[in-house]
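Each of the next two complexes has chain A plus one other chain: chain B in the first, chain C in the second.
Coming up: the complex of A and B.
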C-alpha cells in the first residue's frame, strides 16, 4: 500500500499534502493539549512500534508472506490523534532516513495510512466493542474486524489515487505519464489482494495482539484507552 | 511449505537487521569527504527536494534519463561506490515498478500505434513503450535522489534540518526519539525470538507462526510501555523541561548557493523540455 515516488502526478501529490497539512496541525495541537509530559516517549514508542510492525512478515498459506500496517492497533493503543502522528512519523522515517522513496508521496501515504486507516479503524473498533469490558472477547473480534475493514478502505483510497493518474496526466496521443493503469484495473487489483490477503493479515495481527495484551496486562489496554485521546 | 514457513520470523528479523545495518553504514558514507557531504545540510536537502520536484513534473524520457545520469555523477562525486549505489537503488522499488510497467506495454492495456506485433492481435504499442519508459525512469530517478540524500546526510543532522524547515516540534522530537527506538525494538524482537526458539525450537506451522508474530508484537508493546517511565526520568535528568532544544551550527557559503542555483536551473530546464521533448 506504500506509494513510492513517481506513481502519482504533481496534482495528486500536492492535493494530498494540502489535505494532510490541517490534519497534522490539528493532530499536533490535540496531542499537545492532551499529552502529559510523562507520555512524550509513548508517542515515539508508538511510531517506532508502527515502523517495526511493518517489518514483521506473517506467513500465509501457500508459502508466501505479507505484512501488516498496524495503524489500527496503534490507534486502539494510543488513540486516533496520537496514532496519526505515530504512523506519519513511521512513514517519514521510511521515506527519508532509510531512502525508501516516497518523499513526494508522503502526503498521499499519510492520508491513506495515518488518517483514513487510523480513524476508520478506531471508530469501527469503538462502535463494535461498545461498552464491553476491557478483557472481553468482543473487543478482540472488534479489533480484527476494524483492522480488516480499515485496511481495505485505505487500499480503496490508494487504488483511486493510482487509477485517476491516466485521467489526470496523459499526453495528446494517449501516453500515460505516471501510474499507467486506470480505475478499472487499479481498483480490482488493489481490492482483490487486500480483501483476500492483506486484510486478513491486518485482522489477524490486530485481533491477536489485543487478545495477548488482554491476557498479559489488561490494565495496559485501559491505560491506552485513557492515554492520548 | 512447512519448512519454508518455519523460518519466516528468522528471515524477517535477519532482513530487518541487515536493512538497519545498511542504514548505519549510510552514516559512514555521510562522514566521508564528497561533493554532497560538503554542502550545507539545509541547502543539500533543499536542492535534492528541487530535483525531486523537477523529476515529478518531467514529461520527457530524455530529461528523466539525464536526471538519472546526474544522480550517478553525484553519487560518484560523493564517495559512494557505484555498485553499492546501483544495488541500493535498483532493488525493491524500481524492480517492482519494472514488473508493473510490463503489461502497460501491450495494446490491451495501452491502445495506440503498434510498434512490435506479436501475433494473435497482441502488440507492443508506441504509447505503451514510451509510457512505461517514462514511468520506470521517473521511479528510478526519484528513488536514487532519496537514497542520495539519505546516504550523504547523517540521520541526526537530517532530523535537525526538518526543524529548520518549520516542521512542528512534536513531529521532529517524535522522529528523533523513534529513530533510536527502532534499533532497540529490533534487538528486543530478536532476543524474544531467540528465547522462543531456545524453548520450543522452530515454529512448525502457519497457524503457530502467526501466533508467534502476534505474541512478539504484543510482548514488544508491553516492554515498550514499561520503558516509558525510565525514559522520561532519563529525559528529566538531562534537563528536559517540556521543550526540546536543538543546536544549529549550519553555515551556508557561495558553493552551497551555487548548488541550489544549479538544481533550480535543472527544474526550470525540465519544465521547458516538457514543451519541446517527448
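Coming up: the complex of A and C.
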C-alpha cells in the first residue's frame, strides 16, 4: 500500500500533503493535551510495532504481496490522534531510509494508513465493543473486525488514488503520465487482495495482541479507553 | 516483568523473525506489491514506462533501498535476510528516537 514516487501526479500528491498538514497539526495539539510523559514509551512501541509488522510481506502465490499495518492496534491502545503520529513516524522512516513509499507520496501514504485506517479502525472498534468489559471476548472480536475493515478501507482509498491518475494526466497520444491503471483495474486488484488475504492478517494481529493484553495488563487497555481521545 | 518490557521483547522477536517477510514471497513466487513495481517491471506489464513516472521514480536515493544494502540485489536469501534484520534494527531505532524527540515537544510539562 506504499505508493512509490511517480505513481501519483503532482495534483494528487499536493492535495494529499495539503490535507495531511492540518491533520498532523491537530494530532500534535490533541496529543499535547492528553499525552503524559510516561506514555511516550508506549507511543514509541506503537510506532516501532507498526514499522516492523509492515516488513512481514505475505504472498498471494504467483501473485502480489502485502502486509498488515498495525494502525488499528495502535489506535485502540493510544487513541486515534496519537496513533496518527505513531504511524506517520513509521511511514516517514520507511520512505526516507528504505525507499518504501515515495517522498512525494508521503502525504498520500499517511492519509491512507495513518489517517483513514487509524480513524476508521478506531471508530469501528468503539462501535462494536460498546460498553463491554475490558477483558471481554467481544472486544477481541471487535478489534479483529476493525482491523479487517479498516485495512480494506485504506486499500480502497489507495486504489482510488492510483485509479484516478489516467483520468488526470495523459500525454497527447493517450499514454498515461503516472499510474497507468484506471479505477476499473486498480479497485478490483487492491480490494480483491486485501479482502482475500491481507485484511485477515491485520485482523489476526490486532485481535491477538488485544487478547494478550487483556490477560497481561488490563489496566493498560483501560487507560487506552479512557485517555487520549 | 513490566508490560512495556514484554512488548519491547515482542518487537525484538519480530525484528529477528522479519526475514519471514522475504522468505514466503520468494517461496510462493509472489511478485511486487500491487502498484509498487519498478520501471522495468512496469514496462513488461504495460509495454511502456509512463513519462512522468519515469522522471519521478528516481527522485530519492534511499540509503537502504528495499531493506537491503546497495548492490546486494543479486545476493542470496541468506545475505538478504541479514540485511533485512539490520534494516529492522536500524528502522526501529530511528522510529523510537523520532518518537522520543517528538515526545519532548508533545507532552505536558511537569509530568
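The rule is short, and it goes like this: the second predicted complex is superposed on the first by the 213 of 229 C-alpha atoms of A that agree within 3 Å, B and C clash if a C-alpha of one lies under 4 Å from a C-alpha of the other, contacts with A are read in each partner's own complex, and residues count from 1 in each chain.
Assume contacts are C-beta pairs under 8 Å (C-beta built on N, C-alpha and C of every residue); 3 or more make two chains touch, one makes a residue touch a chain.
Only a predicted model underlies this, so the values are computations on that prediction, with no experimental measurement involved.
With both complexes brought onto chain A, simultaneous placement of chain B and chain C is prevented by a clash. By the document's definition of touching, both partners, chain B and chain C, reach A:220. In the superposition on chain A, A:19 makes contact with neither chain B nor chain C. By the touch criterion defined above, A:90 reaches both chain B and chain C. When the two structures are aligned on the shared chain, A:204 is found in touch with chain B, with no touch to chain C. Touch criterion met: A:180 reaches chain B and chain C at once. Contacts of A:47 after superposition on the shared chain: both chain B and chain C are touched. In the superposed model, A:134 makes contact with neither chain B nor chain C.
In the overlay built on the shared chain, the residue A:191 is in contact with neither chain B nor chain C.
Clashing C-alpha atoms with chain C after superposition occur in a single stretch of chain B, namely 220-228 (options considered: 40-48, 112-120, 202-210 or 220-228). Annotation: chain A residues 4-7, 9, 28, 31-32, 37-45, 47-49, 51-53, 55-63, 65, 85-86, 89-90, 92-93, 95-100, 102-104, 171, 175-181, 213, 216-217, 220 touch chain B in one complex and chain C in the other. The touching residues of chain B, when paired with chain A in their complex, are 1, 4-5, 8-9, 11-12, 15-16, 19, 23, 26, 49, 52-53, 55-57, 59, 88, 92-93, 97, 101, 104, 109-112, 126-128, 130-132, 134-135, 138-143, 146-151, 155, 158, 168, 170-171, 173-179, 181-182, 184-186, 189, 206, 209-211, 213-222, 224-225, 227-229, 231-232, 235, 242, 278.
Against chain B, in their complex, chain A makes its touches with residues 4-7, 9-10, 13, 24-25, 28, 31-32, 37-45, 47-49, 51-53, 55-63, 65, 70, 73, 77, 85-86, 88-90, 92-93, 95-104, 171, 173-181, 185, 204-205, 208-209, 211-213, 216-217, 220, 223.
Here chain A touches chain C in the complex through residues 1-7, 9, 28, 31-33, 35-45, 47-49, 51-53, 55-67, 85-86, 89-90, 92-100, 102-104, 158, 162, 169, 171, 175-181, 186, 189-190, 193, 213, 216-217, 220, going by the rule given at the top. Across the complex, chain A is touched by residues 3-4, 6-8, 10-11, 14-15, 18, 20-22, 24-25, 27-36, 39, 42, 46, 48, 50-67, 84, 87-88, 90-92, 94-96, 98-100, 102-103, 105-108, 111 of chain C.
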